[in-house]
């Protein structure tokens, strides 16, 4: 059985794994080189997958070992997977470049812990993310989620400081709770439908729904509820966000960037897979509203808390709590049975645009915050005075990323929020529109708190705690520019997001 | 015969359960760590009985693994107890 | 009541107990144990589903059985990581308790966080 | 009512009682002693559910690795719960929530479709192509080999995570998980006598796994337990995280698995597919390599990282 | 070298007990037995052990008998209404050389009726916990020890460690 | 012959069960940790031994029977080690002194 493009999917999944195995078995001096060499290769594979999805206008699918589901496991890539794969390799690559100097093995000395661990864990996160974006099987996705957890938690406490250990422990406990609930849901689905393959599940659920006397499939809803709650804990949607700020603010800057930009999105991606991919046309209306309500609460609560933070990294982390909220407007807006197809498509595109632009912007922002903290030797917002004069590129990156988060035109964040907003308005869901606008204002508030002193005068007699090389600042700037330039992407390119939607099953079921 | 063996397994399990109640209540940690020991022996007996009752020889392998690892909990406990204050567990 | 139903209820009970412990326990080590109970419950439920799928001369559906093994392994790895984290935390701070309340320290009052920024 | 059903009922009650004890015990240590017992009881539950493979896993993990891990931690961490238990309001709310979830689960389980959907016939039908006789091994290494491969990466990441928790100044130092107290000669004797026997049993469990219950994970865990026992007895030293040999053993299994998986592209057209003529031997080779890696992984996970130098 | 081969033979026997006689398995069994024998020899070098086969078998039978008596003894004490217990400690002066012989003997002693070596010895005296201090436990232990040292060919007077 | 064999099994397994009963009675009634330890290991190991003996009669072949014996021997070894080790732990906790 020849499955076109399948080898690309396998390669995307296995490149980081190969990296981990190589680093573990070779001398530590090669660590950074191996990881950095794999990153362009990974990007090329991701782009090739995206190109394939674009040209075929449908999903790619690969049955591993030639064993078709339900017995075997399928890998699938549709438009959103392709976009996520590309985003992931860009952000991971940027994090790698950013961290290259910081996590270099010392020459002519015995192997050091942090550099070795950092690269291994970064590759672990990458492998986990790719596995999540490509997985077509609920249990395979469970393993993927665990890969992500096991790589992300140690990154949080890479420095070994007591407070980061506590943050990592809290993160791990939340994540384990999430995985356990997710697994339980998957188990129930297997019991009820005899398969773990998302496409097959979708077909069987749809068949059940079409039957003349539909039995209320309680198993389905219990499973969906358990899995969604579990994944929400991993996404840190309010009120399950408690673990996120200490974890993301305690990690090294490059790791925070990856965690905030990508890792929390992986579980969101899975929620979308479940709600849209597994239940095409059956999305529970009340549940979707509830998710959006939590999202709205996250926006308001996270923004207000961001406004109250005294430390820059925590502010950025709370901003992630808030920005995640926007993603959840996709559920009522794209799955509204009353909405027109065009309006639903707008919301869908807007949601993913928000995800991608936030990924780029937040990665840039965490890197910038890390550089600022390095320069100053601390990250107290009260002590930011004049930092723009020392590291102008960094502050510009921070400001550009902030503009995208606020939704200022012409950034990617602007387009995302505009799309979501217009979908909300066209569907008459005014309330969500108001929350989005309010969130933008609050974001402006907390960013202003940072930028206003940063652009002010330097205190007299100030000396930098560390000199920041230009290339590290440039990485943050490029990411921030990317977030802004996303706003200029030709409208046609948004179609990529639509391939395979909403019946992800529809595109690939044979 | 199968019925008798299953019944015996049930009886042994009930005995183990009763013993477990007593042990887990302590008072000392050393009492409590007898629980895995009790379950080790009792569990092996139950498994062997079940293996014979259901004619599943592979179950004997489970009993074998349990027997191989039966002392582990006690050993781990004693070592861990002993380690914060070296020699503490060894003084008479 | 069949044996499968009995064990199914057992699994459901274990899940509830584990979840309760995971939410309410004060010490992280107890939460880790509760997580293991919860996982065990989920696996028992899965095992019941496997048992119900007995066919083709097998005592149960081998696919869920194999997945349970994978799940047990992953659960063990999680336990090991969590226990190590707890021990390291204890080594650093002398306690394993971490702040259960939500706000990290060092927040400023909203009224102080004026839009003019916090310039000293 | 048959004896079997009475046995099942006893077992279920006992498991639930031990679980309640584990959650409700005030002190940590009794809870953990209860939990280790729970693991052993689950092994019997798995036998009753006709999942002997899982029972073996549970016996090896619950009886050996997890017990050592948790008991070690519990005996060392002297933390006690505060006088103030979690707020009564929280407990009631959590209790209600958990009760609701249990009730929903119970209802779902009792109303699962009848006849149950099953993949058993398909799994059996695929066996000839894999050359193994134990369908569970076929699922783990062939049908859903990708899960097993990624699971090994999960284990590897857990090892990396555990190593990552080494304090910087102790990187490369030997972990000393059981202190340096004078060894108890009973333990030493046990290690000397049991370890070689355990090697035979471990290899046997892997070997029979091809056709009967058993397999790489179960056997590997038993080997790991023996390694741990010998270290507990102080007969050999643990290996440091910087040991190249250890790292190669850790990587060997997953690497070979991956190599065979990629070779599948060339040999039979698909990633992770086996050419039918060699399938059986390739699978056994992979299992053998995985066993070594698993033993090393489980061992390292239990030993933990080197601790801070004083 | 003969120690190595005799142990390998034992482990091969164990393999056959476990796996049965199957050709493929037998080859692996041989390899495993050799590995196990190497492990065993490394952990427990062969010097100082000259067990006599027939005596060993007799000792095994005696050991079986003792453990039956031990179990019955406990059962009697536990189930009789008066619960005849007079628990206490004695210090048993062992004459076995330090090291394995003593460890093995303590292990066997822990299976004897009513006695349980508890705690490390001091100056060659092993604290033994007894269920019934009225029994002539010291004499019984000494008797067992004499048999033990005869069978395993360790001299009781020898105070030097049989191996380090 | 089969009847005789079954009778032997019933007898031995019942005796084994009785030993477990006695062991549990000891656990419940004995006054301190060390005496309970006696009850735990000796009675239960004898119980296991008797059950093994009873099941040997039902074993599929000589190898199966030997495997049962191997299980029992391993359990004995574990029991003997655990008793000593636990006895020390009990004394280390200082509840019973010589």
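Letters A, B, C, D, E and F name the chains as they come in the text, with residue numbers starting at 1 for each one.
The definition used in the following text is that a contact is a pair of C-beta atoms (placed from the backbone, for glycine too) under 8 Å apart; a residue touches a chain by one contact, two chains touch by 3 or more.
Here the structure is a predicted model, which is why all the values come from computation and not from measurement.
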Assembly fragments, chain D aside and the remaining chains unmoved: A, C | B, E, F
Partner chains shared by chain D and chain F (touch criterion as defined above): B, E
Reference chain B; chain at largest CA-centroid distance: A
Chain pair with the higher count of C-beta pairs in contact (C-D, B-D): C-D
Whole-Å separation of chain centres (CA-atom averages), chain B against chain F: 10
Computed distance of Cα centres, chain F from chain C, in Å: 36
Chain centre separation in whole Å, for chain E relative to chain D (CA means): 32
Rounded Å distance, chain B centre to chain E centre (Cα mean): 21
In chain C, residues with contacts to at least two other chains: 15, 18, 32, 45, 48-49, 52-53, 63, 67, 70, 74, 77-78, 81, 85-86, 88
Of all residues in chain B, the ones touching two or more other chains: 4, 16, 29, 33, 40, 64, 68-71, 75, 77-78, 81-82, 88-90, 92
Chain E: positions in contact with at least two other chains: 14, 18, 106-107, 119-120, 127
Residues of chain C defined as touching chain A within the complex: 15, 18, 22, 28, 31-32, 35, 38-39, 42, 45-46, 48-49, 52-53, 63-64, 67, 70-71, 74, 77-78, 81-82, 85-86, 88-89, 92-93, 98-99, 102-104, 106-110, 113, 115-120
Residue ranges of chain E touching chain F (in the complex, touch as defined): 14, 16-18, 20, 64, 67-68, 70-79, 83, 85, 87-89, 91, 106-108, 110-111, 113-114, 116-120, 127, 129, 131
Chain C-touching residues of chain A, taken from the complex the two chains share: 70-71, 139, 142-143, 146, 149-150, 153-154, 157, 160-162, 165-166, 168-170, 172-173, 176-177, 179-180, 183-184, 187-188, 190-191, 194, 242, 245-246, 249, 304-305, 307-311, 314, 381-385, 445, 448-453, 456, 459
Complex contacts: residues of chain C adjacent to chain D: 3, 5-21, 23-27, 29-30, 32-34, 36-37, 40, 43-45, 47-63, 65-70, 72-74, 76-81, 83-88, 90-91, 95-97
Chain F residues touching chain E - in the complex, by the definition given at the top: 18-19, 21-23, 25-26, 29-32, 34-35, 37-39, 41-43, 45-47, 49, 63, 66-67, 70, 76-77, 79-81, 83-84, 87-88, 90-91, 96, 98
